[in-house]
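So the structure is just underneath, and the comments pick up after that.
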Amino acid sequence: MMLVNYIASVILVVLGLYTIITKKNLIKIVLGMGIVDYGINLFIVSTGYNDGGTAPIYNMTELVSGAYFVDPVPQALTLTSIVIGACVDAMALSLVIKLYRQYKTVDASEIRRLRG
Amino acid sequence: MLKNAIAKSMSRSPWIYHVNTGSCNGCDIELVAVLTPRYDAERFGFKLSGTPRHADIVVISGPVTTQSKDRLVRTLAQVPEPKVVVTLGSCPQSGNVFKGSYSVEAPVEKFVHVDVAIAGCTPKPEAVIAGLYKAAEILQKKREAMTK
Amino acid sequence: MMFPFIREALSNLFSKPSTEAFPAAPVQAKPRYRGRISYDPEKCINCGMCKKVCSPGAITTEIEEVEGGQKITYHFDLTSCTFCGTCEDFCDEKAIKLTDDYLMVAEDKKDLIVSGSKIKPVVKGKLACNTDSCIFCGLCAKNCPEGAITVDRATKSWTVDHEKCIQCGKCISKCPKKVLAFEEPAPQGVIFGGEGCVYCGICAKKCPEEAITVDRATKSWSIDRDKCIQCGKCVSSCPKKVLSMGPIE
Amino acid sequence: MSYVHFPVIAVMTLFMGAFLTVVLGKHSRAVRSFLAIAASGIAFVLIAMLVKPVLIDGEIISYWMGNWNPVNGYAIGIGYEVDQLGMFFALLVVSTILLSAVYSLRYIERDSSQEFYYVLFLMLSGSVLGLVLTGDVFNMFIMIEIMTFTAVGLTAFRNTGFGSVEAAFKYLVIGSIGSSFTLFGIAILYGQCHTLNMAQLSAMLSGNHSPATLMAFALMFTGLAVKSYIVPFHTPAADAYTTAPSSISMVFSGMVNKAGVYGIIRLVYIIFRTMDIPAVQTLMVIFGAVTMFIGVTMALAQHDFKRLLAFHSISQIGYVITAVGLCTSLGLTGGLFHAMNHTLFKGLLFLCAGAVLRATGTTNLDQLGGLSKKMPATTVCFLIGAFSISGLPPFNGFASKWLVYQAAYDKAVTTGNFLYVFVTIVALIVSVMTLASFIKVTQAAFFGQLPERLKDVEEVPFLMQLPMWIMSALCVLSGVFYNFVDKYLLVPAVSAALGVSRYIDSMMGSGYAAEKCVTDIQASGVHFSYWNPMVWLALFVIVLCAACLCILTSKGSRGEILEGDGEDGKYATFFSGEKALPSHVGGSDLFWGFKTDWKGYFNIMEGLHSGVVNDYALYVVAAAAIVVVFTFMFMR
Amino acid sequence: MDITGALYILFKILIFPGLLFAVVIGLFLAGLDRKLLARMQKRVGPPLRQPLFDFLKLLGKETIVPHAANKTVYLAAPVVGFTALIVLALFIPVFGYSTFSGNGDLIVILYLLTIPAVALIVGGSSSGSPYAGIGISREMVTMMSYELPLVVVLLTVARKVGGSALCFSLGDIVSWQAENGCLAFHPAMIPALLAMLLVIPAEVGTQPFDVAEAETEICEGPLIEYSGAPLAVFKLNTAVKMFIMTALFANLFFGGIETGYVALDAVIMVAICALVTFFSMTLIHAVTARLKIEHLFKFYWTVVAGLAALSLILVWVGL
């Protein structure tokens, strides 16, 4: 059953958003962003799953009639998405370091020079 | 033709800028009284303007205190030509009762050429009207002299 | 009502304006208006009281020696005047009057100065001749326009008819030996009669130069001749008429 | 080489430019300048060469990467599809890139690590160009992601300055939430339709909306709305525009948020084809109206030149969203025209702000003043931009705003819906407020008294002026010769946005749309008539007459125009007779009468723009929730 | 276009209803305003030609460009404002007689109306005076104030006339009134009419709403440094604006009373303009004192906008 996957992915996304909204620590906000990403990745990879399918690799010898494989596209999407997510996290963390150097804090409620 | 029309209009629409150089406000009140319904100088196109740049006639009242001397001179310089300078009351012409005070620079003629002097302490509004009327005529003459 | 003047504004629109047609129709100033000063030099006795009481110092005098006396000119500078009217009040001779002419407008400041002058004749002494040096040439008699001088060379007499003499001084200028001259006149001044004086002190008060001192306690009356300008105010104001003008010692 | 390859080559050129810059441009300024100009120039030329076939001949270019053509009506590969709508935005993008690149040459010459600037700049350009040209939703997502983090990098480029890292971080957090929503929506769509091609999605989705696709719609709409910075997603935009270098602010407001707008148009008009549902129209119009109002009122309260411009960007996007959301051909025309005009005049204004920043070292309006004597070219450009954005005739802002009002009120009277009346009024008032806040900038920065500190200010170099002049000229020309813009740009773009079936057919093979029963959106609305061009003649004659009048009278009098030194009393400013002192009525002093009346509102707004990133994230999530609920309540 | 047609258009632009007509009637209305105001204050008042004298006199004065000013903008601003007003005059038909047939679009008029104000603001701003700085801020707030009611009034008229079709054309509004009677006599339009009457003085900038040019407080505000010919053009702008606004009012609310004879129409038009001038400017001027800027804003966004909105709602529900 894929329902568990879907529910889990939504829970992950919601948890990630909750983290971003409530946690004041910048590192935790970045972690929240990561959690959202993982939730979505789980979701994408789940959409392509066919129950009982094999790995989506063209190998003429093993291809037997009646056998089918899982949708390869979501897996490709997930890979891309993971790469992008990693980039974003790296970028965010580097910004956190910069912010800490400038503001001497990682508390989001103290980092508000730009407001109004 | 336009030149004549402009010259004629000069005397029909003189705008007044009033400079108080330390006056007791007596003359200032009479100048304003000139615009009241009873005297109504607006009949002749007189209007009080708020800035020297709009003015044709500069009315000076007060004995020109030391503090106001520079300001008076600067303000007068900012009035575009042709312009007419009118002194209102005795103070700017002589200093009146303040004559000889260490802080009074009167008479005003030391700094500017006065075209019309209206005497009185304070002048009656009729006298003010007569003086301004005369100033308006001088204004027209000055304009005609300018374009000649 | 939010706009209380709306009715008035509309009714004014249909009624006659209350504006005076001033330059077209001349306006008479109200009674007791104090305007342009008029000065009658004939009445003036040159007491200077006006000058003294004028707070802005608008009144100035000029004294000029001319033929036949001093020309005394009074200038009333209207551009300096406060039109308080004190000079009018203080002028006993009513020579100063503040008229109701309010149109004191001028392009030239000189138009705003009221002036008046009169010539105050100089009192001269009698013509006299120093007969010790006189040669009785008779030139003086010849040149006298009135024929007041009679010279007799024979008797060495020189006479003048003081009634006829007009003190023109021609004889003096013609005299070759410069022996003719007017006598020094006796100094004029206020003469205190003494009898009848009640030491009221009005003369002292009236004196513009404060030359007179009256002390009632010690019944003394004194005058500072240097200060006195012989205006005669004390004489005219004395209630007992004990003061007079005349030659003094 | 056939022109069908041009779109891909254009995108690849920019990415290759970025790659080469990082490899070769580290040590030589000339090399990296050359690479940046060359890459953006080639992209510009390539896209410009597509004008003839796409916009004039009306061809839609479809291009399958690696020649992976659809099989049995199923798209397999990644497709690029250049229709007139995409072409319209692509033109905006490439011109912005080129002008910004030219401006950057001198603008960032004093900064360190310039090669990274160009790398990020070219990557950003490539991603936005790819976004508007692609025909694949996942490709679109990737482009959005590249766009987001390059934009973040560029925001933090001057990271020693005030708040730029902070702005970058906020931008990154909010932007990645938005991208996540988009990705989630795309994932749901893929789960439902098993395709990522826009044309095919459109064919499959049109007219049959299941709860899953509605969810996808809501999420994708929110995600793209975050990218176009409409209220309440605007908060990072204001920060980023303020702190980024001005050449990048121009790129942000000129194409990055246009990319979001393009995404929304693509989403609602093509992919989901939901635009004829009144609920979607209501949603977009309300979003647009709120955006333009809050944007402009926040702009009125700003003291910083660039932050003020940033809020105006937000406000103007509100116009675009409103107009697009009306779903009339008039509205769509107005919306697209305004999007284009916004690129022009807002880019121009940001460049002016950059020039001021470079010349004076600050953009704080309270510290500026009297620059018009020192920087006349910038002043003229700024005035043109300010008048354009305020919608004064005959500048381009007027033409597009006029269409927006007409469309909105037309919608109001034809549907009888009072909401649109309200929107029309808001749009008209916002325009006046826009004018007001630009008057504030004009007075505070360019006119008035020159502070002592700015005595030695100099005009910016010609290379920086050039893009400004070009954009000024475009602002005026597109306002005056608006008929040409309409004919060659807007009409094709609008018909492309409305003609779903043509889009599908050209990608998936003709007849595909009919097979799937996709019909074009029936957009009501008259075509507008602009004021008679004769008016311009009249205008010209009268200006001439007025000028003659002035000359005539100055001959007749001695009233020649006199100029002189400030030391001479005659030419000094009138200070009630005082000696003229530098006393400048600056940014924060203006409009206090208005501000006191609106004190309550401004206090609330300042509280909402708290600067805390968690709050901003909360707005995004809350708005997403509202959109989802709205979608499920009204779109079933 | 043949030469006669070109000459005819030139005639329209330069003489009637363009430049000359607008200027003459504008000056007449300005003079009338001053005269009537004086009479309401029990004064004789200036002659009717006084604004003309003022204009001519200012032409004969020196034009001083202050040192702090940006010369180009400073001198161009009044001319730009004047041009916009003349273009406006061409857009506003004399009832049936319009220059650009049926093109008098309300939105175009609304925007052209802002140009003179903007010209004043930019000109004042460029003069570099701090008084002008305060003046332009007030002028801008005034503009924001009256724009809302004006917009609502225009939309109301458009809805009333157009029904369920878009009608922003002033020509159509006039011809609709010719068939269905003047809008002034439709009960639902009365609040809008009152609102418009109150908008006119703020747009023109007469007494209670002339906070921007308050000569006793901020020395004429934006005009402070102007002298000579540019000032003359600004004064002329105010006069022409009077004509434009009253003519707009006449067309919006008294559109349908044309006779077919252009000359007679023009006379009727001027008469209505004079009446509107009296009620909206002179009378209010005579009985009120200058407002504060924040009160002005509040007044327009509550009372006047409320009146206009009332009318809009009445029209919207079909009255």
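For reference, chains read A, B, C, D and E in written order, and residue numbers begin at 1 within each chain.
Rule of thumb we're sticking to: contacts are C-beta pairs under 8 Å (C-beta built on N, C-alpha and C of every residue); 3 or more make two chains touch, one makes a residue touch a chain.
For clarity, every value in this text was computed on a predicted model and none was experimentally measured.
Chemist: Between chain A and chain D, how many steps is the shortest route if every step has to go to a touching chain?
Modeler: The least step count works out to 1.
Chemist: Using the touch definition from the top, list the chains contacting both chain B and chain D.
Modeler: Under the touch definition, chain B and chain D have E as mutual neighbours.
Chemist: By mean C-alpha coordinates, which chain is most distant from chain A?
Modeler: Most remote chain from chain A, centroid-wise, comes out as C.
Chemist: From the C-alpha centres, identify the chain that is farthest from chain D.
Modeler: Farthest chain from chain D, going by C-alpha centroids: C.
Chemist: By CA centroids, point me to the most central chain in this structure.
Modeler: E
Chemist: Between D-E and C-E, which chain pair shares more contacting C-beta pairs?
Modeler: D-E
Chemist: From the C-alpha centre of chain A to that of chain B, how far is it in Å?
Modeler: 82
Chemist: So how far apart, in whole Å, are chain C and chain D when each is placed at the average of its C-alpha atoms?
Modeler: Centre-to-centre distance between chain C and chain D: 94 Å.
Chemist: Could you grab the centroid distance between chain B and chain C? Build each centroid from C-alpha atoms only and quote it in angstrom.
Modeler: Distance between chain centres, rounded to whole Å: 38 Å.
Chemist: Round to the nearest whole Å and give the separation of the Cα centres of chain A and chain C.
Modeler: It comes to 116 Å between the two C-alpha centres.
Chemist: When you check chain D against every other chain, which residues touch at least two of them?
Modeler: In chain D, the residues touching two or more other chains are 553, 556-558, 568, 570, 572, 574, 576.
Chemist: Specify, in ascending order, the residues of chain A that touch 2 or more different other chains.
Modeler: Correct list: empty.
Chemist: Counting only residues that touch at least 2 other chains, which ones in chain E make the list?
Modeler: Chain E, residues with two or more chain partners: 38, 41-45, 59-64, 131, 219, 224-225, 228.
Chemist: Using the touch rule from the top of the page, what pairs of chains touch, sorted by label?
Modeler: By the stated definition, chains touch in these pairs: A-D, B-C, B-D, B-E, C-E, D-E.
Chemist: Which part of chain A faces chain D closely enough to touch in the complex?
Modeler: Against chain D, the touching part of chain A is residues 13, 17, 20-24, 26, 29, 33, 36-37, 40, 43-44, 47-48, 71, 73-74, 77, 80-81, 84, 87-88, 91-92, 95-96, 98-99, 102-103, 108-109, 111-116.
Chemist: In their complex, what parts of chain B are in touch with chain E?
Modeler: Residues 2, 5-10, 12-14, 37, 40, 42-45, 48-51, 53-54, 56, 78, 80-82, 143 of chain B touch chain E in their complex.
Chemist: Quick check on the complex: what are the chain B residues that touch chain D?
Modeler: Those in contact with chain D are residues 2-3, 6, 19, 51-53, 68, 70-75, 77-78, 81, 146-147.
Chemist: Enumerate the contact residues on chain D facing chain E in the complex.
Modeler: 370, 372-373, 376, 379, 383, 387, 390-393, 398, 402, 405-406, 409-410, 413-414, 416, 418, 421, 424-425, 428-429, 432-433, 435-436, 439-440, 442-443, 446-450, 526, 529, 531-532, 534-535, 537-539, 541-543, 545-547, 550, 553-554, 556-566, 568, 570-576, 580, 583-585, 589-594, 596-597
Chemist: Can you check the complex and tell me which residues of chain C touch chain E?
Modeler: Within the complex, chain C touches chain E at residues 3-6, 9-10, 12-13, 15, 17-19.
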